[in-house]
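Chain lettering (A, B and C) follows the sequence in which the chains are written, and residue indices restart at 1 in each chain.
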Amino acid sequence: MSKKPYKLEARNLNAYYGGFHALKDINIAMEEKAVTAFIGPSGCGKSTFLRTLNRMNDYIDGFRVEGDILLDGRDIYNKDIRVDELRKEVGMVFQKPNPFPKTVFENVVYGLKIQGIKDKKVLAEAAESSLRKTALWEEVKDKMDKSALALSGGQQQRLCIARALAISPSVVLMDEPTSALDPISTAKIEELIYELKNDYTIVIVTHNMQQAGRVSDQTAFFYMGELVEYAKTKTMFTSPKHERTQNYITGRFG
Amino acid sequence: MTNSELNRFKDKAFQGFGIFCTFIGLIVLAIFLINILIDGLGRIDWEFLNNLPSRRAHRAGIYTAWIGTLWILVLSSVVAFPLGIAAGVYLEEYGKKSRIANFLEVNISNLAGVPSIIYGLLGLEIFGRVFGLGGSLLTGALTLALLMLPIIIVTTREAIKAVPRSIRDASFALGASKWQTIWFQVLPASFGGILTGVILALSRAVGEAAPLIVIGALAYVPFAPTSPLDEFTVLPIQIFNWISRPQAAFATNAAAAIIILLLITFILNGIAVYLRNKWQKKVKW
Amino acid sequence: MRVQERIIEGLLWLSAVITIFVTVGIIWVLLSESLTFFSEVSVLDFLTDKQWTPLFAEKHFGILPLVAGTLLTTAIAISVALPIGLTIAIYLNTYAPAGFRATIKPMLEILASIPTVVYGFFALTVVTPFLQTFIPNLAGFNSLSAGIVMGIMIIPMISSLSEDAISAVPKSLREGAYGMGATRFQTAFGVLVPAASSGILVSIILAISRAVGETMIVAIAAGQQPRLTANPLVPVETITTYIVQVSLGDVPHGSLEYRTIFAAGITLFIFTFALNNLSFWIRKKYQEKYD
């Protein structure tokens, strides 16, 4: 297998919440069009790290970052980078499905509308293609004008993924996207992630070890703000280098 | 009686007293409403609503008063709604935790406790004299707008606070700016709550007499106002004026005008309660 | 886009800051007019003279009768509203079923939403004649019926704020009391009320502040005779009524008589400002205690 180029890279990254040192000297490089999973116990920094990748932590008081995060080789914390432009490039899906209390259609096209796109045809086409990508189109094509809150939890989460895809990002961040869903919906989302990696670079935070094993190409194990181990998923799960990783994977703590 | 029987008796007795207290206010209110209806309902007819004020009770009407009330409500809303909502948005979304925001918060809760008649003194001097607007509708409306501000600000903040973080996160993650997120997501999602506050502020303003008397609104205005710079009267002042007269026929007029005023107040409050319930039911996060 | 965001934030900021101008405006208006007033009338006279007759030929400028009228009507109102309001709060919280509480609370709020001029009419035309049937020497204008009606108006203020305070008492305390076999009555008065005392105190202070500043009820039903008395059966005049009385007359602007309303106004403002800040302070202290 030929080595893919790096899409996202963190160099000597440190992050702080006020006086709390949340991420310690993280160095990691993520491949393009691959799935990277972040695992680790609660509070280990994996979600914090994920949220630095699209600067979602900017709004938190007292949060600051040192070091570099490179997207296609450009530092996203550079002054020239506009956060809204960055987020069009790096989409995000959250732990709990969080559709807007609006129609299904309005949800999908929101990202395009705020970019100033008003053409109804363009919006409708974008909505259909994003919903098809998330295998939701057949289920909701007759409910486009209904409230998104009326969909099931699994459908809502796929709608949130479609919403993120509608603005054509190259990276999609997923913060425990199935933790609030039932097993069947979870399976659908995992299947979806597997397909999406043909077109997108995906970073997923998960609590669920089997999920990391099923969907990811690379896995990073975080512990107490440090990146303990980063390797091919298969390697990590069969022969972890560090004892802590071993203990976590086998369920001895976490 | 044993000790435990005594305790149980006290418990039951207090329960009875509690029910009594809960209903006493409402019963008194009901007695009063029935009284007013008996006194005033027969007086309300088309002419009462459309007649100008008069020195003779049976010919006097509330035309100038309700037109004045309508003007005041519209004008003060135009000023107070955007200002109050904007201030609420600022405090909740932008100014959090800064020192000035803290100060603003204390200041607003203080303003909410300032008696309405003091706002009248403010309006009399600032709008009436410094701005030279005299005892006009505009002076009255601006004065009431200031009175409504704290109510609107506080309810706007509460409504915005109820919008969950996840909605903002989703919007930011799609590349929306702060204002886009507020405008497209936060405000629509909190619209019901804000509207409730706005209507409650209106219902408060519609019943105010004291500050308007102080700024120089007149009890006797021969013609209905046609511009914001005209002199005016409002329903509560008209009622006050009729109550102050010794003749019984004017008391009947007052009762009739009170029915109209209460009707407006209850309708406004009813809408507010309805919206609050509907909004609470509809949105489940 | 960024410039637009900045402009919007600036406008929002301006709207919020306007509230500071309102406060500054109130204080400036009250101070500037009353300072001129106090250049002609000594503060000592204002605070100690027992007569208030600025509109008569023989002028006295003692605020005490107006303060007395205000405090008397307020005291009557609180002695009606406090026991009833607090009982309602306890009853709704510990005795009443949740559904009943949910329907009765908004109904009680109606009491607070009725225009005060309507309450004034009620006091004058219903309560006073009713009371006169068994208090024959009750004057037509008196602080008793004005105070009682004002009390009814502020019942929901005390009941709902106190109920909030009682609800905020940690569940463990309540369950602890029930667990020892205490009745609801014993739990309420032995545990809940003491634990919620600061919140209840805040509700009382805010109710006092509301009653002190109330205008139309007393202007209609309590009379317009400044009188240093504690007798609830005779006409009195409150600070607020005096301001209304002068506003309705034709006192020329800039005269000493005109400035009296600002001197009265600043007295009223100091009272309510002190009460509001006291409640604010208690609330803050109380929050820290539970956090």
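Convention: a contact is a pair of C-beta atoms (placed from the backbone, for glycine too) under 8 Å apart; a residue touches a chain by one contact, two chains touch by 3 or more.
These figures come from a predicted structure and were not determined experimentally.
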{"item": "Identity of the chain that, by mean CA position, is farthest from subunit C", "value": "A"}
{"item": "Leading chain pair when contacts are tallied as C-beta pairs", "value": "B-C"}
{"item": "Chain occupying the middle, per Cα centroid", "value": "B"}
{"item": "For subunit A paired with subunit B, centre-to-centre distance based on mean C-alpha positions, whole Å", "value": "48"}
{"item": "CA centroid of subunit B to CA centroid of subunit C, Å", "value": "17"}
{"item": "Geometric centre distance via CA averages, subunit C-subunit A, whole Å", "value": "55"}
{"item": "For subunit A, residues that touch 2 or more chains besides their own", "value": "84"}
{"item": "Where subunit C touches two or more other chains, by residue", "value": "1"}
{"item": "Shared interface positions of subunit B, touching two or more other chains", "value": "177"}
{"item": "Residue ranges of subunit C in contact with subunit B within the complex", "value": "1, 4-5, 8-9, 11-13, 15-20, 22-23, 25-26, 29-30, 33, 83-84, 87-88, 90-92, 95-96, 104, 106-111, 113-118, 120-122, 124-126, 152, 155-156, 183-186, 188, 206, 209, 212-216, 219-220, 240, 243-244, 247-248, 253, 261-262, 265, 268-269, 272-273, 275-277, 280"}
{"item": "Contacting residues of subunit B [partner subunit C, same complex]", "value": "7-8, 10-11, 14-15, 17-19, 21-22, 24-26, 28-29, 31-32, 35-36, 82-84, 86-87, 89-91, 94-95, 103-104, 106-111, 113-122, 124-126, 129, 146, 149-150, 153, 177-179, 203-204, 206-210, 213-214, 216, 219, 236, 239-240, 243-244, 251, 254-255, 258, 261-262, 265-266, 269, 273"}
{"item": "Interface residues, subunit B side, partner subunit A - complex", "value": "97, 164, 166-167, 169-177, 180, 184-185, 188-189, 283-284"}
{"item": "Interface residues, subunit A side, partner subunit B - complex", "value": "54, 56, 59, 61, 84-88, 91-92, 94, 96, 98-102, 110-111, 113-115, 149, 160, 163-164, 167"}
